[in-house]
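Scrolling down, you'll hit the structures one after another.
In the two complexes below, subunit A is the common chain; its partner is subunit B in one and subunit C in the other.
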Partner chain A sequence: MSFFDLKGTLKPLTALKQFGKKPHTISYPKVSKEAADRYRGFHYNDLEECIGCGNCSTICQNAAIDMIHLEGIEGKKGDSGLRPRIDHGRCCWCALCVEVCPTGSLSLTKDYNYVSEDPDSFLWTPGKDNPQGKEKISFFSTEETSLNVFQRVPMPELEGKERVKSFAEVVLGYSETEARAEASRCISCGLCTEVCPDHMHIPEYINAIASGNDADAVRIIYDNNPLPEMCGKVCTHRCEDVCAIASRGEAIAIQWLKRYATETAATADITHEIVNPEIREANGKTVGIVGAGPSGLTAAYYLALRGYDVTIYEANAKAGGATMYGIPKYRFPIDSLDKQIDYIQSIGVKINFNTKVGKDISFKEIYDNNDAVFMGVGFPDAWSLGVDGENAEGSIQAFRYLYMINSGEKVDIGDKVIVVGGGNVAIDAARVSRRMGAEVTILYRRRVADMPAAQDEIDGAEEEGVTIVPQAIPIKVIEDEKGHVKAVEYLKAEMVPDERGGRPRPVAIEGSNTIIEATSVMAAIGQKGDYSFLEKEFEDKIKIERGRFIVNEKQQTGDPKVFAGGDAVNRTADAISAIADGFRACKAIDEMLMTK
Partner chain B sequence: MMKELKEHIIRRVKANFTEAEENNDFTYDRLDFTVKKEVVPSLLLFLKEEMGFKHLSHASCVDWLEEGELELVFILWSPKDKIKVFVRTRLDRDNPVMDNMDNIWPQLHTYEREFREMFGVQFTGLEAPDEFILEDWQGPPPFRRDFDTAAYAEKTFWHRPGREDAQDVRETIANRDGEDIPDFAKKYSR
Partner chain C sequence: MREKATTLYLGPQHPGITGNMMVRLKVEGDTIVKATTEVGYLHRAFEKLQERRNWLQAFTLLCRFCVPEPDPVEESYARAVELLEGREVPERAKYIRVLMLELARMGAYMLWYGGQNGSLGLYTMGQWSVGDRNYILDLFEELTGGRVYHMYIWPGGVRRDLPEGFADKVLRTMDYFEKRLKDYDDLMFDNTIFQKRTQGIGIVPKEKAVEWGVVGPILRGCGIKSDIRIDDPYEVYDKLDFVVPTHEGGDIWSRALVRREEVRQSIRIIRQVIEKMPSGEIYNKIPNPHKWALPKGDAYARTEAVRGEVGMYIVSDGSTHPRRTHFRGAAYVHAITLLEKVLVGANVADVSAIMNSLGTCPPEIER
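Right, the complex of A and B next:
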């Protein structure tokens, strides 16, 4: 070995060639490789977005998912208040739960490491126990990839141009195939039942339709609603607002499926045969009912089934109340109503038509001769406009106009109709007037978006050629020399935010006076009750406040023997709330009379 | 170009396998042929050796429960022409027997073992151990649609303690509102 070892000095420098290369050793702290896109690791659930429908729990083939109460999450309308907890020891990561989650709140993350000596610690609640999962979501469902069907089977309808030619029903109804397909979209969570004032057994009857058992569906429907075909045609269907499927798609057509099922029972006789109601033996008690509207008919039907002798006193020639006289026939044909009334009568309910309580028979007489009384008297009067000239010839209440048309009377409205108001009555009067051949303009004080009428009704009116003038406040009905309506003068309004946090108020713009020609003016700004039939002696007990009867949660008035329901009690002003009132009252009357 | 290629393939296949039914409805690089099960081995061989479909991309089985049939699907790829062909055939669901074809593509061996175990399809001449993925499996083939996975899991695996507080969604809502679901309706509840 020489003193100066050149080779030994230079050789180590060859190591420098490794300088720019990636090390093969594991770096510290260790960095795990990120899992693949769409990796199916542990679950994450967005607890705010989740509505507790339980579809994940139902689909799980390993029974790994429980629905449980979580602290701080309360049930409310559209939310069961339950959340999924998963036994990750049973989970096989198939992710079906994610693919059937209607809201998309449930997803899988890239997390897959979980080490524990305690197997029971594999039971935990996604979202609550792994809030960090939100940042690692990898497998989730979209409207396209979800196994839910988010599109509704379209309902066949008459076209706008065809509709105005007659009073033919606009909605044509589902065929059997369409109904089965639509019913199959339902995930049976039951969130809808909570919003239905009558708590109908919606998932059950929809499931019966989906499995091809229409008769069972009809029986389930009649369990707590004796006027279901009416609801199938004209219900406010608030149930559909909270449909789990509606969180990312179109709600199940609950109303139309009910309509489909009830229409399979084509006559009252067939209905009787299918429902095959169990009528209890007469118990010797009698109940008198004032008004054959939805609430009165409902109370009567279920009381009669329970063995009571029930008589309804109805001022008009036909039963149905506002649904008979207020709703146009293109929405609710008279045959359909007749069928349901015939069926109710067929189980023993007696209806005395053309018998106005307070005139043809006194309330006291009904009160004295019965063990209990139910009042479903509705709102028979309408508010007037309160402007100059409103008593001119050709000025009529929209409510009254609908009554006359539905009774088959002839009403001369001319060819230019102005309807004032924004509720369903206004829209109905406008659409009926279109069918009578008139040009129709609706004047409404607020914006179209503020109209209390159902959106599909507003759309229907516009399709049929009704002109809607929003932010218009009528100030005068102008008469011609013969005292007939000639025009309407209105002021344009601007929307002023409400200081108290309410909805914006319309304020008239001075000098914006506009005159619009008219042959007829219809006011549709609301209805009110008429309680003149009640004798003085009942005044102390049966309390009326702000135009409505005061009742307890059993529909009972201050007089324990007298119950009330329908528009004269509740503010929702719809048939299904009235039906719910009647059903509740029936149970309360039964309870009261049977425990005596 | 693709259209002519597809027509050429259809012509060649039909000249040799007159009963083959083609499906040429796809707008992309795909063509389907449905044949009787006896024809499948020779059609696969023909496509591989004569038509350039050297590569077996995939094979799968579909359970047509309502029609009483199982369907085998073979997806072939031609690296030269950049087109895939699906070869489909239906078997009797009660007696699904097929010829072993792992001599055409060795990788079919694995697929066949899977079909045998998961769908109950028997391959005449397949030499392989009885068990593939499942251990000590006694039940019906688990990928068939009438196999009730949930019932099997329920029967086989015990529930971990601590899950007794689970609630039923429908019941929770009904109780909250005082809704009485009649007994005859309950069979339609979830």
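Right, the complex of A and C next:
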């Protein structure tokens, strides 16, 4: 190459042809660039849609998101009442918070310009501080792109046709692989814990199952529930109603996972080995418990662990209360219950079976001989329909019917059964009757959607061939000449909106009388308490209003020494509330006796 | 007469536009007799930080390993994870990944054009190429939502599908670049100043190159054909037709020629990708990230970046968090051990040009 290279000197001068061309950069701030449709700018949060689960905060690897209280947003079931606040000085715009938001309320916008001398002003709450952001949403998650797993692992179940042939358990339970897969969907937000009456440590035990530590899961579950297998099978699982994942998908099968964990402990001995409970030395105090239902058993178990001498008085031959006698065995097999009762007895709880308080032993005696008393007496009596012919032969209380079947008694119901009611007892009686070979019709005053029974129970009944006639008000049970049930007459009802804003009321339509043939009629319109075992002196002290004991937040009745729980106290009338009552009462009794 | 040696500190503030790093030079006159690199200005402990994050969270740190070209890092991490887990990636996602990688290569070379010329005092080139790079960033913004940090290639596939009309826009941009590169030639490669300042400068000896662990365009600038895209094809590179350019010489000039050709090959690859890309899924979804555990074991995946081979080595103890991640970056070899050797005997005025030419990238060296 020569020293002077003409081409190499002139060629660069061609750059001059660019002279006078418009620059391809924009002239900021005169012009501001519109961000792309998918731009990851400042956050926007739909505060109404957000449930405050905090998953955004958990996934944020920069600790840029914290959950705060906002004025005007109250916590409620399924909503923590918290909303994410974002430190835009820490945010790295990765948008993982958007990808994991179960409701899809959190998104990023096209806004990206913000200048301030005040470092604190970079900390703001999306949605509240930038309401205009809604118009500029650019990066958002759909059900397709979301990193939440919305599909539940299906639970293997017996076919409807197979089910009615026997009392075999309908739900077959998850396999290990299925349970791990289902558990791994959980985002550990804890909204479920909040709504569980017993505040079980749900995210913790699900986490243990997901990471393969079933024994840990069992131990965590036994922290505050001594009847977890029962809950795993028959709980009303309100936790699942508020599951964050359910906002766009199917709730985590919390109930089935608990069931899975407890079933890994196959016997009472294995349960004992896994839970390995620390039983404190006897403290010399005694507690008497009336009724071996879920609340009584729970109080007994945790009191025994704390060193109390606990005796339960149970009128029936088996423990479990309504879960033993009221729940059909295809939902909750007897071995499953026995295993848990055996375990509870194995830590020192004494149960006196076939001992009816008020008959075999007086309440006063229990009261006098113990330092504290807990009553978990339940609702043993059923409400009657209050219609003509109700006392005909073949007319039976559904609750009583379930009791007899569960006790192994034979009941002749014929081949056409009418069940009246829409709660779980009605469905149970109907499904049991199907298993006894009868055709079953349920008459319910309101619409199917209004039925208090769990939806999966209603679905199960329909799959098994139960006919549900909604908006039907029975007015008469028709007897044949021998005094046996022959048919039921009912009126069709229309739903009338409630003037006071309550749920619509059924009002009978005049002249819509319909008669339906029947060989037996079962009333399932609710149960009530029987407090005849209380002597007069206690009846006055222990207040009873509208058929229930009045207790304070510690489950304590008007008599400071007497505590109560379960159906005879709370309106929800489910096992988990009873267990929660028992656990609360245990803590209160312990506190009372130990601080004396 | 032998001159007295003086110590000079070059950096740590941006020698050229490479990033924060210092070179301590012992000079006699303006000839370097010894060069010692001093790093430590950019250490952010990303590998350690990844151990505290779950497998998905760890992904968001990757783009920061190398700012000019973050995508190969994301790609090698994603592929290592997929390898360890046995996760299949949809075909379409693989094509989109190659599209991203090649766009990133072009974007990084546009910065190199600026840096290489800027270090020689030829500033117009940088204004052009960095301006043109914006067209690539516009594409990134439209596809990923981010201009510089894309966080787009993740385990299982890519985050979002191409927006409507995106493919056409890419092709239009490629047409623009093809025309525009002729202007670059006029201003840079035909420029006598550029030629004289690069020919015979910063020579990496061919016979030592492999021994010293030199890779990528620097090895190819020594006349040795080596490219992971060909040698160990990943994604869909084996289905694409392109040439790996080499030039003998080992100096800045031959490396520049290699890079000049590679930009053109990237355009060629991108056009093929757009043409051949199948329809279908873009993502084989990972499970819930909070509980996503990888099987016990380790995996390594390597990717051809503008600096050469980069790779991600991951170790899992079977849990939801990495036990260890290690990033193999070409810049470590080139900008520390190689640079110290090449600088000996060089002129002080050429240091920045040599550093640029060797693909010095301090954020990648230090992580």
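Assorted remarks:
The rule we apply is simple: the second predicted complex is superposed on the first by the 559 of 596 C-alpha atoms of A that agree within 3 Å, B and C clash if a C-alpha of one lies under 4 Å from a C-alpha of the other, contacts with A are read in each partner's own complex, and residues count from 1 in each chain.
Going forward, a contact is a pair of C-beta atoms (placed from the backbone, for glycine too) under 8 Å apart; a residue touches a chain by one contact, two chains touch by 3 or more.
For clarity, every value in this text was computed on a predicted model and none was experimentally measured.
Using the contact criterion defined above for the overlaid structures, shared-chain residue A:445 touches neither subunit B nor subunit C, since it reaches no partner.
In the superposition on chain A, contact of A:24 is made with subunit C only, not with subunit B.
Contacts of A:211 after superposition on the shared chain: both subunit B and subunit C are touched.
Residue contacts after overlaying the shared chain place A:39 against subunit C, while subunit B stays out of touching range. Of the two partner chains placed by superposition, only subunit C is touched by A:148; subunit B is not. In the superposed model, A:191 makes contact with subunit B only, not with subunit C.
In the superposed model, A:219 makes contact with subunit B only, not with subunit C. In the superposition on chain A, contact of A:416 is made with neither subunit B nor subunit C.
Contacts of A:9 after superposition on the shared chain: subunit C is touched, whereas subunit B is not. Comparing which residues of subunit A touch subunit B with which touch subunit C, the overlap comprises 58, 61, 187-188, 207, 211. Contacts from subunit A toward subunit B in the complex involve residues 52-54, 57-58, 60-63, 66-69, 75, 80-82, 85, 87, 89-90, 119-120, 122-123, 187-191, 193-194, 199, 201, 203-205, 207-208, 211, 216, 219-220, 223. Subunit B meets subunit A in the complex at residues 149-150, 153-154, 157, 159-163, 165-170, 172-174, 176-179, 181-182, 184-186, 188-190. Residue ranges on subunit A touching subunit C, taken from their complex, read 1, 5, 7-9, 11-12, 14-15, 18, 23-25, 35-40, 58-59, 61, 92-96, 99-100, 108, 138-139, 145, 147-149, 183-188, 207, 210-211. Within the complex, the subunit C residues that touch subunit A are 53, 56-57, 60-61, 124, 128, 131, 134, 138, 141-146, 149, 151, 159-160, 163, 183, 186-187, 190-193, 195-196, 283, 285-293, 319-320.
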